[in-house]
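All chains are identified by letter, namely A, B, C, D, E, F, G and H, in their written order; residue positions are counted from 1 within each chain.
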Amino acid sequence: MIWRVYLSGEIHSSWREEIILSAKEANLPIVFHSPIIDHQKSDAAGDVLGVENNSFWRDHKSSKINAIRTNSRIEMCDLVIICFSDKYKQWNAAFDAGYCAARNKPYITLHNESIIHPLKEVDAQAMAWTKTTAQIIEILIYITSEG
Amino acid sequence: MIWRVYLSGEIHSSWREEIILSAKEANLPIVFHSPIIDHQKSDAAGDVLGVENNSFWRDHKSSKINAIRTNSRIEMCDLVIICFSDKYKQWNAAFDAGYCAARNKPYITLHNESIIHPLKEVDAQAMAWTKTTAQIIEILIYITSEG
Amino acid sequence: MIWRVYLSGEIHSSWREEIILSAKEANLPIVFHSPIIDHQKSDAAGDVLGVENNSFWRDHKSSKINAIRTNSRIEMCDLVIICFSDKYKQWNAAFDAGYCAARNKPYITLHNESIIHPLKEVDAQAMAWTKTTAQIIEILIYITSEG
Amino acid sequence: MIWRVYLSGEIHSSWREEIILSAKEANLPIVFHSPIIDHQKSDAAGDVLGVENNSFWRDHKSSKINAIRTNSRIEMCDLVIICFSDKYKQWNAAFDAGYCAARNKPYITLHNESIIHPLKEVDAQAMAWTKTTAQIIEILIYITSEG
Amino acid sequence: MIWRVYLSGEIHSSWREEIILSAKEANLPIVFHSPIIDHQKSDAAGDVLGVENNSFWRDHKSSKINAIRTNSRIEMCDLVIICFSDKYKQWNAAFDAGYCAARNKPYITLHNESIIHPLKEVDAQAMAWTKTTAQIIEILIYITSEG
Amino acid sequence: MIWRVYLSGEIHSSWREEIILSAKEANLPIVFHSPIIDHQKSDAAGDVLGVENNSFWRDHKSSKINAIRTNSRIEMCDLVIICFSDKYKQWNAAFDAGYCAARNKPYITLHNESIIHPLKEVDAQAMAWTKTTAQIIEILIYITSEG
Amino acid sequence: MIWRVYLSGEIHSSWREEIILSAKEANLPIVFHSPIIDHQKSDAAGDVLGVENNSFWRDHKSSKINAIRTNSRIEMCDLVIICFSDKYKQWNAAFDAGYCAARNKPYITLHNESIIHPLKEVDAQAMAWTKTTAQIIEILIYITSEG
Amino acid sequence: MIWRVYLSGEIHSSWREEIILSAKEANLPIVFHSPIIDHQKSDAAGDVLGVENNSFWRDHKSSKINAIRTNSRIEMCDLVIICFSDKYKQWNAAFDAGYCAARNKPYITLHNESIIHPLKEVDAQAMAWTKTTAQIIEILIYITSEG
């Protein structure tokens, strides 16, 4: 069985690369999917639809183009991993968590101890809270093992 | 027809009271529901289940008790209004928005211009973005009017 | 048992008033719901959210406010009646029909013979095609009668 | 990941061929599906079931045969692109849009500026409004790219 | 708690009246719903839509009008009772059973021993097989009693 | 695209073989599934679970084993074809039709003119009524053709 | 808002009465529902359908009659409370918990510390684990309070 | 067609190995999935997330990690087989059964006669009750055979 795992959230550190590399080294039967993590490219996703002077509408158009990718991938994945940093607002990451909760899609959070309290509702419906990518890898090894 | 409206999000200003009062003055056929907005009471919702030394588990228990209220009310409401301030993390508010989006439950956001960009994914699936409670009231008057 | 019936579509003739009046005269146990049929008011539904120079965004905002009403009412109704004229585009009426079909919500169309061919996909998933409001009333009398 | 894209709507211009050809040239990992676009063949889809003197029933039978194809393909696709011309009624295209909206199936519209107003409800629930097939291709390149 | 019970199937004997009368005498908190059981009236349900020379289309139109009633009532009932006689085809009754099974709507069958074998698939997904209306009443008394 | 088609209903004539053979000759991209059509084997499907003196329970056990096959296959198929003869009760075939209707699974009926009236509710929610396997093949050719 | 709470599980102690009485004294806006807790009456629920020599079939018939009650009530309740004792098998209580989990119906468990380990999967998807009815009452007071 | 079968429940005997081996010998087109059946490894599934002094939380974390595996596999399987022993509590097995029932996922139980009565609710919604793995194999041969 091939697992599909979606890596949502924080885009300013190398957590995705670490997980993908370690999973590869461990030969895990996992295909990973991610949002577009090039920040500028993501913000400009809707620019092809025409210039907007109003930044709200520029953001609106780009977010919807990105949503085509995000929703399709979340729906088809078996597990979602959502990373939060203590530096950014990352409301989109919390949004993805709520979306997963409502769809019965299991998700795991990745964040350090300093933001336990503001993330309590997000963690309450997660299948696990992790602090390191090493923990994520251990879990992926476990859940993808047979019997 | 009686409408049910859930007021999610920011708990440090009087936006809920303003909406409820204005709706009452306008005789709108709306029943409002809210989370427990007494911060300390909400954080302590799970304390009855036993003392926890680890703050993660204290938060975990309280969040789940609160989730019984939140999910029931979101499911039964016709519309959710979600308020974001520029001061707090409010990941629970973004979580509620994602939950609504996944359930086809219409929601309206309430926040000022300074946080348009970080809220772009949340706004992209909202039915409207408002900046003032006066705008909310206008919309409630409109949608509750008959033909 | 009280039935809820939603009257979707054409807004330039008196078909809604005819149905509502006849149903009242026949004492049918039906509550009717309608979109906002004042064309200007409907087009301006989103103006409270701020002026838009671009007509696309003005329409966008108003349509979403109207969608809060439409979707809520379609979901809660037992039957939807959708009227098409041969004069207008009425893509919103066909949109409502597709929405109903996907949700297993029964709908009846009301239109004259001249537009049978372009409405064939809409009629194919309808429970009935009617040409007059008198036929609608006969059907409402029948379905609301007990055993 | 292979994407499936359904091309719904207008059948009198070459927009489908343009998209399919460009996607092929760009080596996009997309399988396209379309309705039967030979107008006469589509109208005659139900003739094998027996001759009808009444044009309503002839249309009825053909529409239902076509609906087997349409619904199956919309359900299995990741994205639907719906093209409207300003010359035709195309209520079936708006019907497909309503069907997609009710199923949470993302769709993009393709039409020129002259019909923004009558399409406002259809566009309000679309993920994007495009005016050219070149814009469509840009979006397809973006959403099918990995991370 | 008021229960809603739908009485589907055979229309040539007095089983519905027996159940309704006994339930009334026992003061059971049940509202009963039934199809139109006047055979001629039911067959003519669609005649208001225009005369059909082809009996298939006459039946088609009447069946769809009746389906508006049937589906609405099955959806809103807590329990469906489906009666089969050994004299008639009653494919509509078996159709209702299949519909209930797919919707997780509990149903009870009522038929005598002579047709156990042809009804085996229908009975396999029923909550009970009864032979008399007296048994039905016993069950209704039991399930409507509190704790 | 490979289509999956389930062949439900009548087991005393060669309609399945005709369809499968013709589809093969026409090279249609279809995989067919069927119930166990060996009548005795099907009736004995549950005998491995232990002898029953009471014929009701023997039928009950076999029907449930068969239901594992039937429901799995109906769920995974794109189209169901249901054949009725005028000689048998075939309540299981009507049950499958009701199941399909409730799941939005398109189905086509196959039966001769003599049983139009008793099958009117079954036909009312079918996508087509056919009288011959040749008609079925024509439809399969049509729906499996690309654009 | 009136809440509906279903009390599932253990039937040999007075936990239900304690909760119902305390809720009444506290004037909580709650309607409680319970299974039939008279053990003999519950085991005999299907006897009206005819005598069975085989105890498996007697149990089978009674369980299905009880399932009509259980499933209807679980579906309509806002919260389920499930009590486990350390003395009995109570597989039906764990079955109800799994049913709730799959339906997104929030449930709270009530059991003492000695059975934490065997109940770990049941507790993992519960909204809270309680040890006393006093804790239950505190939670009910909290969740039924408005804002 | 390849079937997917999930083997839930009792972990102290060799029933899984017997089924898998026999299925292999009979060349059945079945892929089997199981929970982690190494008891200690399963109990420790969450230890990577950090040490817990409180056994409740240790169990909680491990159960949730295991639930990622269990729920994914149950959702993707065509059939679940659930084994109960008369020696253990196995509330997780009954929980899986309730989960299956609520999701319309067919399941078969495997247990001896001594526990018929406490398992009556679990068996009532099962597709079959078996006593030996030989019976399971017979059923698997039957359901995986074509027409």
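To be clear about the criterion, contacts are C-beta pairs under 8 Å (C-beta built on N, C-alpha and C of every residue); 3 or more make two chains touch, one makes a residue touch a chain.
Since the structure is predicted, the reported quantities are computational estimates derived from the model, not experimental observations.
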Inset, instruction - Could you tell me which chain lies farthest from chain F when each chain's centre is the average position of its Cα atoms? - result: B
Inset, instruction - Taking all residue numbers used at the chain E/chain F interface, answer same if over half belong to both copies and different if under half do. - result: same
Legend entry - Farthest chain (mean CA position) relative to chain G: D
Legend entry - Between chain C and chain G, centroid-to-centroid distance (C-alpha), Å: 44
Inset, instruction - Provide the C-alpha centroid distance between chain A and chain C, rounded to the nearest whole angstrom. - result: 41
Inset, instruction - Compute the distance, rounded to whole Å, between the mean C-alpha positions of chain C and chain H. - result: 49
Legend entry - Mean-CA-position distance for chain H and chain F (Å): 31
Inset, instruction - Would you pick out the residues of chain H that each touch at least 2 other chains? - result: 64, 67, 104, 129
Inset, instruction - Mind listing the chain G positions that touch chain E in their complex? - result: 16, 31, 33-37, 45-46, 48-50, 61, 64-65, 67-69, 71-72, 76
Inset, instruction - State the interface residues of chain B toward chain C in the complex, per the touch definition above. - result: 1, 3, 78-79, 104, 106, 127-131, 135, 138-139, 142-143, 145-147
Legend entry - Touch list for chain F against partner chain E, complex: 55-56, 59-60, 62-64, 66-67, 84, 88-103, 115-125, 129
